[in-house]
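The same subunit A turns up in both complexes below, where it pairs with subunit B and then with subunit C.
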Partner chain A sequence: MNLSFFDQFASPQLLGIPLILLSMLFPALLLPSPTNRWVTNRLSTLQSWFLQLITKQLMIPLNKMGHKWALILSSLMTFLLLINLLGLLPYTFTPTTQLSMNMALAFPLWLATLLTGLRNQPSISLGHLLPEGTPTILIPALILIETTSLLIRPLALGVRLTANLTAGHLLIQLISTATMALLPIMPTISILTAFILLLLTILELAVAMIQAYVFVLLLSLYLQENI
Partner chain B sequence: MPQLNPNPWFIIMLMSWLTFSFLMQPKLLSFLPTNLPTSKTKTILNPTPWSWPWT
Partner chain C sequence: MDVKLGELPMWLATCNFTPKSLLGGVQKAWNSYCNKYINVKRGGTAGISMLLAGYCVLSYGWNYQHIKRNCWRKYH
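Up next is the complex of A and B:
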(Lines of atoms letter the chains of each structure in order from A and count residues from 1; the text may use other names and numbers.)
(Lines give C-alpha, C1' and ligand atoms only; values in the text may rest on other atoms or scores of the structure.)
Protein backbone atom coordinates (compact mmCIF):
# COMPACT_ATOMS: atom_id res chain seq x y z
CA MET A 1 0.00 0.00 0.00
CA ASN A 2 1.15 3.52 -0.71
CA LEU A 3 1.91 5.56 2.36
CA SER A 4 0.73 9.14 2.60
CA PHE A 5 2.56 11.73 4.58
CA PHE A 6 0.09 11.48 7.45
CA ASP A 7 0.66 7.80 8.05
CA GLN A 8 3.54 8.54 10.40
CA PHE A 9 0.93 9.72 12.91
CA ALA A 10 -1.11 6.52 12.92
CA SER A 11 -0.91 5.02 16.41
CA PRO A 12 1.45 2.07 15.98
CA GLN A 13 0.08 -1.37 16.71
CA LEU A 14 1.60 -4.83 16.57
CA LEU A 15 -0.92 -7.66 16.39
CA GLY A 16 -3.43 -5.46 18.18
CA ILE A 17 -1.01 -4.43 20.94
CA PRO A 18 -0.72 -0.64 21.08
CA LEU A 19 2.94 0.27 20.89
CA ILE A 20 2.26 3.84 21.96
CA LEU A 21 2.65 2.56 25.50
CA LEU A 22 6.36 1.96 24.82
CA SER A 23 6.92 5.53 23.71
CA MET A 24 5.10 6.78 26.81
CA LEU A 25 7.02 4.51 29.19
CA PHE A 26 10.46 5.31 27.80
CA PRO A 27 10.93 8.85 29.24
CA ALA A 28 10.72 7.48 32.77
CA LEU A 29 13.70 5.26 32.02
CA LEU A 30 15.85 8.28 31.24
CA LEU A 31 15.37 9.83 34.66
CA PRO A 32 17.80 8.52 37.30
CA SER A 33 16.42 7.56 40.68
CA PRO A 34 18.01 9.50 43.50
CA THR A 35 20.51 7.68 45.71
CA ASN A 36 21.54 8.58 49.20
CA ARG A 37 24.95 9.82 48.11
CA TRP A 38 25.77 13.44 48.87
CA VAL A 39 27.60 14.03 45.61
CA THR A 40 25.82 12.28 42.74
CA ASN A 41 26.83 11.78 39.12
CA ARG A 42 26.37 14.40 36.43
CA LEU A 43 23.03 13.11 35.19
CA SER A 44 21.48 13.12 38.66
CA THR A 45 22.84 16.57 39.39
CA LEU A 46 21.49 17.82 36.09
CA GLN A 47 18.08 16.31 36.80
CA SER A 48 17.99 17.86 40.29
CA TRP A 49 18.98 21.25 38.96
CA PHE A 50 16.40 21.09 36.19
CA LEU A 51 13.57 19.96 38.46
CA GLN A 52 14.32 22.70 40.95
CA LEU A 53 14.43 25.26 38.17
CA ILE A 54 11.04 24.38 36.69
CA THR A 55 9.36 23.93 40.07
CA LYS A 56 10.63 27.31 41.23
CA GLN A 57 9.58 28.98 37.97
CA LEU A 58 6.08 27.50 38.12
CA MET A 59 5.47 28.07 41.81
CA ILE A 60 6.66 31.66 42.16
CA PRO A 61 3.43 33.28 40.85
CA LEU A 62 1.18 30.98 42.88
CA ASN A 63 0.02 31.50 46.44
CA LYS A 64 0.50 28.88 49.13
CA MET A 65 -2.61 26.94 48.19
CA GLY A 66 -1.28 26.62 44.67
CA HIS A 67 1.88 24.92 45.88
CA LYS A 68 -0.12 21.72 46.21
CA TRP A 69 0.06 21.56 42.43
CA ALA A 70 3.88 21.51 42.39
CA LEU A 71 4.23 17.78 41.76
CA ILE A 72 1.61 17.48 39.06
CA LEU A 73 2.79 20.53 37.13
CA SER A 74 6.50 19.81 37.26
CA SER A 75 6.08 16.13 36.42
CA LEU A 76 3.75 17.07 33.55
CA MET A 77 6.40 19.47 32.28
CA THR A 78 9.13 16.82 32.45
CA PHE A 79 6.88 14.20 30.83
CA LEU A 80 5.89 16.39 27.89
CA LEU A 81 9.41 17.74 27.41
CA LEU A 82 10.99 14.30 27.25
CA ILE A 83 8.26 12.91 24.98
CA ASN A 84 8.59 15.84 22.57
CA LEU A 85 12.38 15.69 22.46
CA LEU A 86 12.54 11.92 22.04
CA GLY A 87 10.13 12.20 19.12
CA LEU A 88 12.71 14.16 17.16
CA LEU A 89 15.01 11.15 16.95
CA PRO A 90 14.70 9.09 13.78
CA TYR A 91 12.30 6.15 13.77
CA THR A 92 10.58 7.20 17.01
CA PHE A 93 6.91 7.88 17.59
CA THR A 94 5.73 11.00 19.39
CA PRO A 95 2.64 10.33 21.50
CA THR A 96 1.96 14.05 21.84
CA THR A 97 1.05 14.20 18.15
CA GLN A 98 -2.05 12.27 19.15
CA LEU A 99 -4.98 14.56 19.87
CA SER A 100 -6.33 11.87 22.20
CA MET A 101 -3.37 12.12 24.57
CA ASN A 102 -3.24 15.92 24.62
CA MET A 103 -6.97 16.27 25.19
CA ALA A 104 -6.77 13.59 27.89
CA LEU A 105 -4.15 15.68 29.69
CA ALA A 106 -5.58 19.14 29.00
CA PHE A 107 -9.27 18.67 29.68
CA PRO A 108 -9.17 17.13 33.19
CA LEU A 109 -6.43 19.48 34.37
CA TRP A 110 -8.25 22.57 33.10
CA LEU A 111 -11.49 21.30 34.62
CA ALA A 112 -9.65 20.77 37.91
CA THR A 113 -8.49 24.39 37.95
CA LEU A 114 -11.99 25.61 37.10
CA LEU A 115 -13.72 23.50 39.73
CA THR A 116 -11.13 24.50 42.36
CA GLY A 117 -11.98 28.12 41.67
CA LEU A 118 -15.73 27.62 41.59
CA ARG A 119 -15.69 25.62 44.79
CA ASN A 120 -13.40 27.78 46.93
CA GLN A 121 -14.08 31.26 45.61
CA PRO A 122 -17.13 31.15 43.33
CA SER A 123 -17.73 34.90 43.17
CA ILE A 124 -14.15 35.70 42.25
CA SER A 125 -14.01 32.95 39.63
CA LEU A 126 -17.25 34.09 38.04
CA GLY A 127 -16.06 37.68 38.35
CA HIS A 128 -13.27 36.89 35.92
CA LEU A 129 -15.94 36.70 33.23
CA LEU A 130 -16.29 40.49 33.25
CA PRO A 131 -13.12 42.58 33.00
CA GLU A 132 -12.91 45.73 35.06
CA GLY A 133 -13.97 48.96 33.52
CA THR A 134 -16.17 47.66 30.73
CA PRO A 135 -18.85 50.08 29.52
CA THR A 136 -22.29 49.05 30.78
CA ILE A 137 -23.72 48.60 27.31
CA LEU A 138 -21.09 46.00 26.44
CA ILE A 139 -21.61 43.85 29.54
CA PRO A 140 -23.87 41.10 28.04
CA ALA A 141 -21.73 40.70 24.95
CA LEU A 142 -18.53 40.64 26.94
CA ILE A 143 -19.81 38.01 29.36
CA LEU A 144 -20.70 35.79 26.41
CA ILE A 145 -17.29 36.35 24.87
CA GLU A 146 -15.44 35.64 28.09
CA THR A 147 -17.49 32.48 28.73
CA THR A 148 -16.68 31.24 25.25
CA SER A 149 -13.01 31.96 25.74
CA LEU A 150 -13.12 30.13 29.07
CA LEU A 151 -14.81 27.05 27.64
CA ILE A 152 -12.52 26.87 24.64
CA ARG A 153 -9.38 26.77 26.80
CA PRO A 154 -9.02 22.96 27.08
CA LEU A 155 -9.58 22.55 23.36
CA ALA A 156 -7.00 25.22 22.61
CA LEU A 157 -4.54 23.69 25.05
CA GLY A 158 -4.78 20.24 23.53
CA VAL A 159 -4.94 21.28 19.91
CA ARG A 160 -2.03 23.73 20.29
CA LEU A 161 0.35 20.99 21.37
CA THR A 162 -0.97 18.50 18.81
CA ALA A 163 -0.87 20.92 15.90
CA ASN A 164 2.58 22.28 16.66
CA LEU A 165 4.17 18.88 16.92
CA THR A 166 2.27 17.37 14.00
CA ALA A 167 3.15 20.30 11.75
CA GLY A 168 6.80 20.08 12.76
CA HIS A 169 7.09 16.38 12.08
CA LEU A 170 5.22 16.75 8.81
CA LEU A 171 7.56 19.53 7.66
CA ILE A 172 10.60 17.47 8.55
CA GLN A 173 9.25 14.55 6.53
CA LEU A 174 8.36 16.74 3.55
CA ILE A 175 11.73 18.46 3.37
CA SER A 176 13.71 15.28 3.84
CA THR A 177 11.64 13.66 1.06
CA ALA A 178 12.45 16.67 -1.13
CA THR A 179 16.15 16.33 -0.29
CA MET A 180 16.21 12.66 -1.20
CA ALA A 181 14.16 13.16 -4.35
CA LEU A 182 16.40 16.00 -5.57
CA LEU A 183 19.67 14.18 -4.85
CA PRO A 184 20.01 12.34 -8.20
CA ILE A 185 18.56 15.24 -10.21
CA MET A 186 19.99 18.49 -8.84
CA PRO A 187 22.59 17.75 -6.12
CA THR A 188 23.26 21.42 -5.38
CA ILE A 189 19.61 22.13 -4.66
CA SER A 190 19.54 18.96 -2.62
CA ILE A 191 22.36 20.27 -0.42
CA LEU A 192 20.48 23.54 -0.02
CA THR A 193 17.37 21.62 1.01
CA ALA A 194 19.47 19.60 3.44
CA PHE A 195 20.64 22.86 4.98
CA ILE A 196 17.01 23.96 5.32
CA LEU A 197 16.35 20.63 6.98
CA LEU A 198 19.11 21.33 9.49
CA LEU A 199 17.61 24.73 10.34
CA LEU A 200 14.17 23.18 10.60
CA THR A 201 15.41 20.51 13.00
CA ILE A 202 16.89 23.18 15.24
CA LEU A 203 13.54 24.99 15.12
CA GLU A 204 11.73 21.78 16.00
CA LEU A 205 14.00 21.25 19.00
CA ALA A 206 13.04 24.71 20.22
CA VAL A 207 9.35 24.14 19.47
CA ALA A 208 9.37 20.82 21.33
CA MET A 209 10.69 22.48 24.46
CA ILE A 210 8.61 25.63 24.16
CA GLN A 211 5.32 23.82 23.54
CA ALA A 212 5.78 21.63 26.61
CA TYR A 213 6.55 24.74 28.65
CA VAL A 214 3.59 26.69 27.25
CA PHE A 215 1.18 23.85 28.04
CA VAL A 216 2.20 23.78 31.69
CA LEU A 217 2.54 27.55 31.95
CA LEU A 218 -1.01 28.12 30.72
CA LEU A 219 -2.32 25.56 33.18
CA SER A 220 -0.52 27.37 35.99
CA LEU A 221 -2.02 30.64 34.76
CA TYR A 222 -5.51 29.17 34.79
CA LEU A 223 -4.72 27.95 38.28
CA GLN A 224 -3.58 31.40 39.41
CA GLU A 225 -6.93 32.87 38.50
CA ASN A 226 -8.83 30.25 40.43
CA ILE A 227 -6.90 29.40 43.55
CA MET B 1 -5.75 12.38 9.54
CA PRO B 2 -5.01 9.27 11.57
CA GLN B 3 -5.13 11.20 14.85
CA LEU B 4 -8.89 11.54 14.37
CA ASN B 5 -9.45 7.80 14.16
CA PRO B 6 -11.52 7.17 17.30
CA ASN B 7 -10.44 3.56 17.59
CA PRO B 8 -7.38 3.94 19.84
CA TRP B 9 -8.60 7.08 21.62
CA PHE B 10 -9.74 5.44 24.83
CA ILE B 11 -6.66 3.30 25.27
CA ILE B 12 -4.33 6.22 24.55
CA MET B 13 -6.15 8.44 27.03
CA LEU B 14 -6.12 5.73 29.68
CA MET B 15 -2.48 4.81 29.18
CA SER B 16 -1.25 8.39 29.14
CA TRP B 17 -2.87 9.06 32.53
CA LEU B 18 -1.69 5.77 33.98
CA THR B 19 1.94 6.29 32.92
CA PHE B 20 1.84 9.89 34.01
CA SER B 21 0.40 9.24 37.47
CA PHE B 22 2.03 5.91 38.31
CA LEU B 23 5.42 6.28 36.68
CA MET B 24 6.42 9.92 36.27
CA GLN B 25 4.93 11.34 39.45
CA PRO B 26 6.41 8.79 41.91
CA LYS B 27 9.75 8.99 40.14
CA LEU B 28 9.90 12.74 40.49
CA LEU B 29 8.41 12.66 43.98
CA SER B 30 11.36 10.58 45.16
CA PHE B 31 13.73 13.32 44.00
CA LEU B 32 15.79 14.63 46.90
CA PRO B 33 16.41 18.36 46.90
CA THR B 34 19.73 19.46 48.36
CA ASN B 35 18.66 22.90 49.51
CA LEU B 36 15.12 23.17 50.74
CA PRO B 37 13.34 26.52 50.50
CA THR B 38 13.39 28.39 53.80
CA SER B 39 11.31 31.41 54.69
CA LYS B 40 13.19 34.43 55.92
CA THR B 41 12.74 35.04 59.66
CA LYS B 42 11.21 38.37 60.47
CA THR B 43 13.74 40.56 62.28
CA ILE B 44 12.06 43.00 64.61
CA LEU B 45 13.95 46.25 64.38
CA ASN B 46 14.43 48.36 67.47
CA PRO B 47 16.14 51.48 66.31
CA THR B 48 17.42 53.79 69.00
CA PRO B 49 15.97 57.25 68.59
CA TRP B 50 18.37 59.96 67.64
CA SER B 51 18.06 63.68 67.31
CA TRP B 52 19.30 65.66 64.37
CA PRO B 53 21.81 68.21 65.50
CA TRP B 54 20.61 71.35 63.73
CA THR B 55 23.20 73.69 64.67
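Up next is the complex of A and C:
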Protein backbone atom coordinates (compact mmCIF):
# COMPACT_ATOMS: atom_id res chain seq x y z
CA MET A 1 0.00 0.00 0.00
CA ASN A 2 1.52 3.28 -1.10
CA LEU A 3 0.89 5.81 1.63
CA SER A 4 1.68 9.44 0.96
CA PHE A 5 1.63 12.84 2.57
CA PHE A 6 -1.99 13.19 1.51
CA ASP A 7 -3.21 10.69 4.09
CA GLN A 8 -3.86 13.46 6.57
CA PHE A 9 -6.69 14.67 4.34
CA ALA A 10 -8.65 11.43 4.41
CA SER A 11 -11.53 11.62 6.84
CA PRO A 12 -10.98 8.83 9.40
CA GLN A 13 -13.90 6.84 10.73
CA LEU A 14 -14.68 5.44 14.14
CA LEU A 15 -17.55 2.98 14.40
CA GLY A 16 -18.71 4.18 11.00
CA ILE A 17 -18.94 7.83 12.01
CA PRO A 18 -16.55 10.04 10.06
CA LEU A 19 -14.50 12.65 11.87
CA ILE A 20 -15.62 15.31 9.40
CA LEU A 21 -19.03 15.31 11.06
CA LEU A 22 -17.56 16.08 14.45
CA SER A 23 -15.23 18.71 12.94
CA MET A 24 -18.15 20.53 11.36
CA LEU A 25 -20.32 20.42 14.50
CA PHE A 26 -17.62 21.36 17.02
CA PRO A 27 -17.49 25.11 16.22
CA ALA A 28 -21.09 25.35 17.42
CA LEU A 29 -19.90 24.43 20.92
CA LEU A 30 -17.49 27.34 21.00
CA LEU A 31 -20.16 29.93 20.26
CA PRO A 32 -22.44 30.62 23.25
CA SER A 33 -25.99 31.64 22.49
CA PRO A 34 -26.86 35.10 23.80
CA THR A 35 -28.89 35.20 27.00
CA ASN A 36 -31.24 37.79 28.46
CA ARG A 37 -28.62 39.15 30.83
CA TRP A 38 -27.44 42.71 30.61
CA VAL A 39 -23.84 41.86 31.46
CA THR A 40 -22.88 38.57 29.84
CA ASN A 41 -19.69 36.56 30.20
CA ARG A 42 -16.50 37.53 28.40
CA LEU A 43 -16.94 34.94 25.67
CA SER A 44 -20.40 36.23 24.75
CA THR A 45 -19.17 39.83 24.77
CA LEU A 46 -16.26 38.88 22.52
CA GLN A 47 -18.58 37.01 20.19
CA SER A 48 -21.05 39.91 19.95
CA TRP A 49 -18.24 42.38 19.29
CA PHE A 50 -16.81 40.19 16.55
CA LEU A 51 -20.15 39.53 14.87
CA GLN A 52 -20.96 43.23 14.92
CA LEU A 53 -17.57 44.04 13.38
CA ILE A 54 -17.89 41.62 10.47
CA THR A 55 -21.55 42.38 9.79
CA LYS A 56 -20.83 46.10 9.66
CA GLN A 57 -17.86 45.54 7.33
CA LEU A 58 -19.88 43.33 4.99
CA MET A 59 -23.11 45.30 4.96
CA ILE A 60 -21.81 48.85 4.45
CA PRO A 61 -21.39 48.55 0.65
CA LEU A 62 -24.73 46.77 0.19
CA ASN A 63 -28.10 48.43 -0.32
CA LYS A 64 -31.20 47.67 1.74
CA MET A 65 -32.12 44.58 -0.27
CA GLY A 66 -28.65 43.19 0.33
CA HIS A 67 -29.10 43.41 4.10
CA LYS A 68 -31.28 40.33 3.92
CA TRP A 69 -28.05 38.44 3.33
CA ALA A 70 -26.56 39.60 6.64
CA LEU A 71 -27.30 36.39 8.54
CA ILE A 72 -25.96 33.96 5.98
CA LEU A 73 -22.83 35.94 5.22
CA SER A 74 -21.86 36.54 8.85
CA SER A 75 -22.61 32.95 9.86
CA LEU A 76 -20.62 31.66 6.86
CA MET A 77 -17.72 33.88 7.89
CA THR A 78 -17.79 32.65 11.50
CA PHE A 79 -18.11 29.03 10.37
CA LEU A 80 -15.18 29.16 7.94
CA LEU A 81 -13.00 31.11 10.37
CA LEU A 82 -13.55 28.67 13.22
CA ILE A 83 -13.10 25.58 11.03
CA ASN A 84 -9.87 26.92 9.54
CA LEU A 85 -8.44 27.89 12.90
CA LEU A 86 -9.44 24.64 14.61
CA GLY A 87 -7.68 22.74 11.84
CA LEU A 88 -4.35 24.08 13.03
CA LEU A 89 -4.60 22.21 16.34
CA PRO A 90 -2.77 18.86 16.49
CA TYR A 91 -4.56 15.73 15.28
CA THR A 92 -7.66 17.65 14.17
CA PHE A 93 -9.35 17.37 10.83
CA THR A 94 -10.09 20.40 8.64
CA PRO A 95 -13.25 19.97 6.57
CA THR A 96 -12.35 22.91 4.33
CA THR A 97 -9.45 20.96 2.84
CA GLN A 98 -12.08 18.89 1.05
CA LEU A 99 -12.97 20.34 -2.35
CA SER A 100 -16.43 18.78 -2.09
CA MET A 101 -17.33 20.87 0.93
CA ASN A 102 -15.97 24.13 -0.48
CA MET A 103 -17.74 23.66 -3.79
CA ALA A 104 -20.93 22.84 -1.88
CA LEU A 105 -20.58 26.19 -0.12
CA ALA A 106 -19.42 28.27 -3.07
CA PHE A 107 -21.61 27.05 -5.92
CA PRO A 108 -25.11 27.52 -4.43
CA LEU A 109 -24.27 30.90 -2.92
CA TRP A 110 -22.77 32.20 -6.17
CA LEU A 111 -25.73 30.84 -8.12
CA ALA A 112 -28.10 32.57 -5.69
CA THR A 113 -26.42 35.93 -6.33
CA LEU A 114 -26.53 35.37 -10.09
CA LEU A 115 -30.18 34.34 -10.16
CA THR A 116 -31.17 37.24 -7.86
CA GLY A 117 -29.57 39.62 -10.31
CA LEU A 118 -31.05 38.01 -13.39
CA ARG A 119 -34.52 37.93 -11.88
CA ASN A 120 -34.73 41.39 -10.36
CA GLN A 121 -32.65 43.49 -12.73
CA PRO A 122 -31.83 41.39 -15.80
CA SER A 123 -30.54 44.13 -18.08
CA ILE A 124 -28.22 45.57 -15.41
CA SER A 125 -26.89 42.10 -14.58
CA LEU A 126 -26.25 41.31 -18.22
CA GLY A 127 -24.77 44.77 -18.64
CA HIS A 128 -21.97 43.79 -16.26
CA LEU A 129 -20.72 41.48 -19.00
CA LEU A 130 -19.36 44.47 -20.93
CA PRO A 131 -17.12 46.99 -19.17
CA GLU A 132 -17.66 50.67 -19.95
CA GLY A 133 -15.64 52.32 -22.65
CA THR A 134 -14.56 49.28 -24.62
CA PRO A 135 -13.80 49.84 -28.31
CA THR A 136 -16.61 48.56 -30.54
CA ILE A 137 -14.44 46.07 -32.36
CA LEU A 138 -13.56 44.26 -29.13
CA ILE A 139 -17.16 43.82 -27.91
CA PRO A 140 -17.80 40.18 -28.99
CA ALA A 141 -14.49 38.95 -27.63
CA LEU A 142 -14.94 40.82 -24.39
CA ILE A 143 -18.44 39.48 -23.82
CA LEU A 144 -17.10 35.94 -24.23
CA ILE A 145 -14.27 36.67 -21.83
CA GLU A 146 -16.54 38.22 -19.23
CA THR A 147 -19.00 35.32 -19.48
CA THR A 148 -16.17 32.85 -18.92
CA SER A 149 -14.95 34.87 -15.97
CA LEU A 150 -18.47 34.91 -14.55
CA LEU A 151 -18.97 31.19 -14.92
CA ILE A 152 -15.60 30.32 -13.42
CA ARG A 153 -16.30 32.27 -10.20
CA PRO A 154 -17.70 29.39 -8.11
CA LEU A 155 -14.83 27.13 -9.17
CA ALA A 156 -12.35 29.83 -8.22
CA LEU A 157 -14.01 30.41 -4.85
CA GLY A 158 -14.00 26.73 -3.93
CA VAL A 159 -10.57 25.88 -5.26
CA ARG A 160 -8.95 28.99 -3.71
CA LEU A 161 -10.04 27.95 -0.22
CA THR A 162 -9.18 24.27 -0.73
CA ALA A 163 -5.79 24.92 -2.27
CA ASN A 164 -4.68 27.46 0.31
CA LEU A 165 -5.56 25.29 3.26
CA THR A 166 -4.33 22.03 1.75
CA ALA A 167 -1.02 23.59 0.73
CA GLY A 168 -0.54 25.07 4.18
CA HIS A 169 -1.21 21.80 5.98
CA LEU A 170 1.06 19.89 3.61
CA LEU A 171 3.91 22.37 4.14
CA ILE A 172 3.53 22.10 7.89
CA GLN A 173 3.67 18.31 7.69
CA LEU A 174 6.68 18.31 5.35
CA ILE A 175 8.72 20.77 7.40
CA SER A 176 7.90 19.07 10.69
CA THR A 177 8.93 15.71 9.17
CA ALA A 178 12.19 17.30 8.08
CA THR A 179 12.76 18.76 11.55
CA MET A 180 12.20 15.43 13.28
CA ALA A 181 14.34 13.56 10.74
CA LEU A 182 17.23 16.02 11.08
CA LEU A 183 17.21 16.10 14.88
CA PRO A 184 19.52 13.12 15.50
CA ILE A 185 21.76 13.93 12.50
CA MET A 186 22.33 17.70 12.43
CA PRO A 187 20.75 19.44 15.46
CA THR A 188 21.69 22.95 14.27
CA ILE A 189 19.91 22.53 10.96
CA SER A 190 17.02 21.01 12.87
CA ILE A 191 16.73 24.13 15.02
CA LEU A 192 16.79 26.29 11.89
CA THR A 193 14.03 24.16 10.37
CA ALA A 194 12.07 24.44 13.61
CA PHE A 195 12.33 28.22 13.35
CA ILE A 196 11.02 28.05 9.77
CA LEU A 197 8.19 25.88 11.10
CA LEU A 198 7.34 28.54 13.67
CA LEU A 199 7.18 31.22 10.99
CA LEU A 200 5.09 28.94 8.80
CA THR A 201 2.63 28.31 11.63
CA ILE A 202 2.18 32.06 12.10
CA LEU A 203 1.61 32.35 8.34
CA GLU A 204 -0.94 29.55 8.45
CA LEU A 205 -2.84 31.28 11.23
CA ALA A 206 -3.01 34.41 9.10
CA VAL A 207 -3.97 32.46 5.98
CA ALA A 208 -6.75 30.64 7.83
CA MET A 209 -8.33 33.94 8.83
CA ILE A 210 -7.68 35.72 5.55
CA GLN A 211 -9.09 32.94 3.36
CA ALA A 212 -12.34 32.87 5.30
CA TYR A 213 -12.61 36.64 4.96
CA VAL A 214 -11.79 36.60 1.23
CA PHE A 215 -14.41 33.93 0.54
CA VAL A 216 -17.17 35.92 2.18
CA LEU A 217 -15.94 39.26 0.82
CA LEU A 218 -15.99 37.99 -2.77
CA LEU A 219 -19.49 36.63 -2.28
CA SER A 220 -20.63 40.00 -1.00
CA LEU A 221 -19.00 41.66 -4.02
CA TYR A 222 -20.84 39.34 -6.38
CA LEU A 223 -23.99 40.20 -4.46
CA GLN A 224 -23.32 43.93 -4.78
CA GLU A 225 -23.25 43.65 -8.54
CA ASN A 226 -26.53 41.80 -8.72
CA ILE A 227 -28.82 43.22 -6.08
CA MET B 1 -24.47 15.49 42.30
CA ASP B 2 -22.04 14.15 44.86
CA VAL B 3 -21.66 10.41 44.37
CA LYS B 4 -18.80 8.72 46.21
CA LEU B 5 -16.64 6.37 44.19
CA GLY B 6 -17.60 3.32 46.27
CA GLU B 7 -21.30 3.98 45.68
CA LEU B 8 -20.89 4.27 41.89
CA PRO B 9 -22.36 0.87 40.85
CA MET B 10 -25.37 1.42 43.09
CA TRP B 11 -25.95 4.89 41.70
CA LEU B 12 -25.62 3.63 38.13
CA ALA B 13 -28.29 1.01 38.86
CA THR B 14 -30.74 3.68 40.05
CA CYS B 15 -30.62 5.98 37.01
CA ASN B 16 -32.62 5.11 33.88
CA PHE B 17 -30.88 4.78 30.55
CA THR B 18 -33.57 5.97 28.16
CA PRO B 19 -32.29 8.19 25.29
CA LYS B 20 -34.28 11.12 26.68
CA SER B 21 -32.69 10.95 30.12
CA LEU B 22 -29.22 10.41 28.61
CA LEU B 23 -29.72 13.54 26.53
CA GLY B 24 -30.88 15.34 29.67
CA GLY B 25 -27.74 14.19 31.44
CA VAL B 26 -25.53 15.49 28.64
CA GLN B 27 -27.40 18.81 28.69
CA LYS B 28 -26.94 19.08 32.47
CA ALA B 29 -23.23 18.28 32.21
CA TRP B 30 -22.72 20.90 29.48
CA ASN B 31 -24.63 23.55 31.43
CA SER B 32 -22.68 22.86 34.61
CA TYR B 33 -19.38 23.09 32.66
CA CYS B 34 -20.47 26.42 31.15
CA ASN B 35 -21.61 27.81 34.48
CA LYS B 36 -18.39 26.83 36.19
CA TYR B 37 -15.86 28.03 33.61
CA ILE B 38 -17.49 30.33 31.07
CA ASN B 39 -20.42 32.16 32.69
CA VAL B 40 -18.24 33.78 35.34
CA LYS B 41 -17.50 37.43 35.97
CA ARG B 42 -13.84 37.28 35.05
CA GLY B 43 -13.47 34.19 32.90
CA GLY B 44 -10.12 33.57 31.28
CA THR B 45 -8.80 31.32 28.56
CA ALA B 46 -9.14 28.23 30.76
CA GLY B 47 -12.72 27.49 29.78
CA ILE B 48 -12.14 27.48 26.04
CA SER B 49 -8.68 25.91 26.31
CA MET B 50 -10.06 22.87 28.09
CA LEU B 51 -12.66 22.46 25.35
CA LEU B 52 -10.00 22.68 22.66
CA ALA B 53 -7.72 20.25 24.51
CA GLY B 54 -10.62 17.84 24.81
CA TYR B 55 -11.26 18.21 21.08
CA CYS B 56 -7.61 17.41 20.32
CA VAL B 57 -7.74 14.34 22.56
CA LEU B 58 -10.98 13.19 20.91
CA SER B 59 -9.48 13.67 17.43
CA TYR B 60 -6.44 11.65 18.50
CA GLY B 61 -8.70 8.87 19.67
CA TRP B 62 -10.66 8.97 16.42
CA ASN B 63 -7.42 8.69 14.41
CA TYR B 64 -5.75 6.14 16.65
CA GLN B 65 -6.02 3.20 14.25
CA HIS B 66 -4.07 5.23 11.68
CA ILE B 67 -1.56 6.75 14.10
CA LYS B 68 -0.55 3.49 15.79
CA ARG B 69 1.00 2.30 12.53
CA ASN B 70 3.09 5.48 12.07
CA CYS B 71 6.17 3.86 13.58
CA TRP B 72 6.22 1.15 10.90
CA ARG B 73 5.46 3.34 7.90
CA LYS B 74 8.11 4.02 5.30
CA TYR B 75 6.37 7.04 3.80
CA HIS B 76 4.50 9.31 6.16
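Just so we're on the same page, the second predicted complex is superposed on the first by the 222 of 227 C-alpha atoms of A that agree within 3 Å, B and C clash if a C-alpha of one lies under 4 Å from a C-alpha of the other, contacts with A are read in each partner's own complex, and residues count from 1 in each chain.
One rule holds in what follows: contacts are C-beta pairs under 8 Å (C-beta built on N, C-alpha and C of every residue); 3 or more make two chains touch, one makes a residue touch a chain.
The structure presented is a predicted model; accordingly, all values stated were derived computationally and were not measured.
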In this superposition, which partner touches a larger number of subunit A residues, subunit B or subunit C? B
Per the contact definition in the header, classify A:Arg42: touching subunit B only (first), subunit C only (second), both, or neither. second
Looking at A:Met24 after the superposition, I want to know if it touches subunit B, subunit C, both of them or none. Which is it: first, second, both, neither? first
After the superposition on A, what does A:Phe93 contact: first (subunit B), second (subunit C), both or neither? second
A:Pro131 in the overlay: touching subunit B, subunit C, both, or neither? Say first, second, both or neither. neither
Taking the superposition as given, does A:Pro61 touch the first partner, subunit B, the second, subunit C, both, or neither? neither
Which subunit A residues come up in both lists, the one for subunit B and the one for subunit C? 7
Inside the complex, what are the residues of subunit A that reach subunit B? 6-7, 9-11, 13, 18, 20-21, 24-25, 27-28, 31, 33-34, 36, 47-48, 51-52, 71-72, 74-76, 78-79, 95, 97-101, 103-105, 108, 162, 166
Using the touch definition from the top, list the residues of subunit C that touch subunit A in their complex. 34, 38-43, 47-48, 51-52, 55-56, 58-63, 65-67, 73-76
Contact set on subunit A toward subunit C in their complex: 2-5, 7, 12, 14, 19, 22-23, 26, 29-30, 32, 41-43, 86, 89-93, 173, 177
Subunit B residues touching subunit A in their complex are 1-5, 8-9, 11-13, 15-17, 19-20, 23-25, 27-34
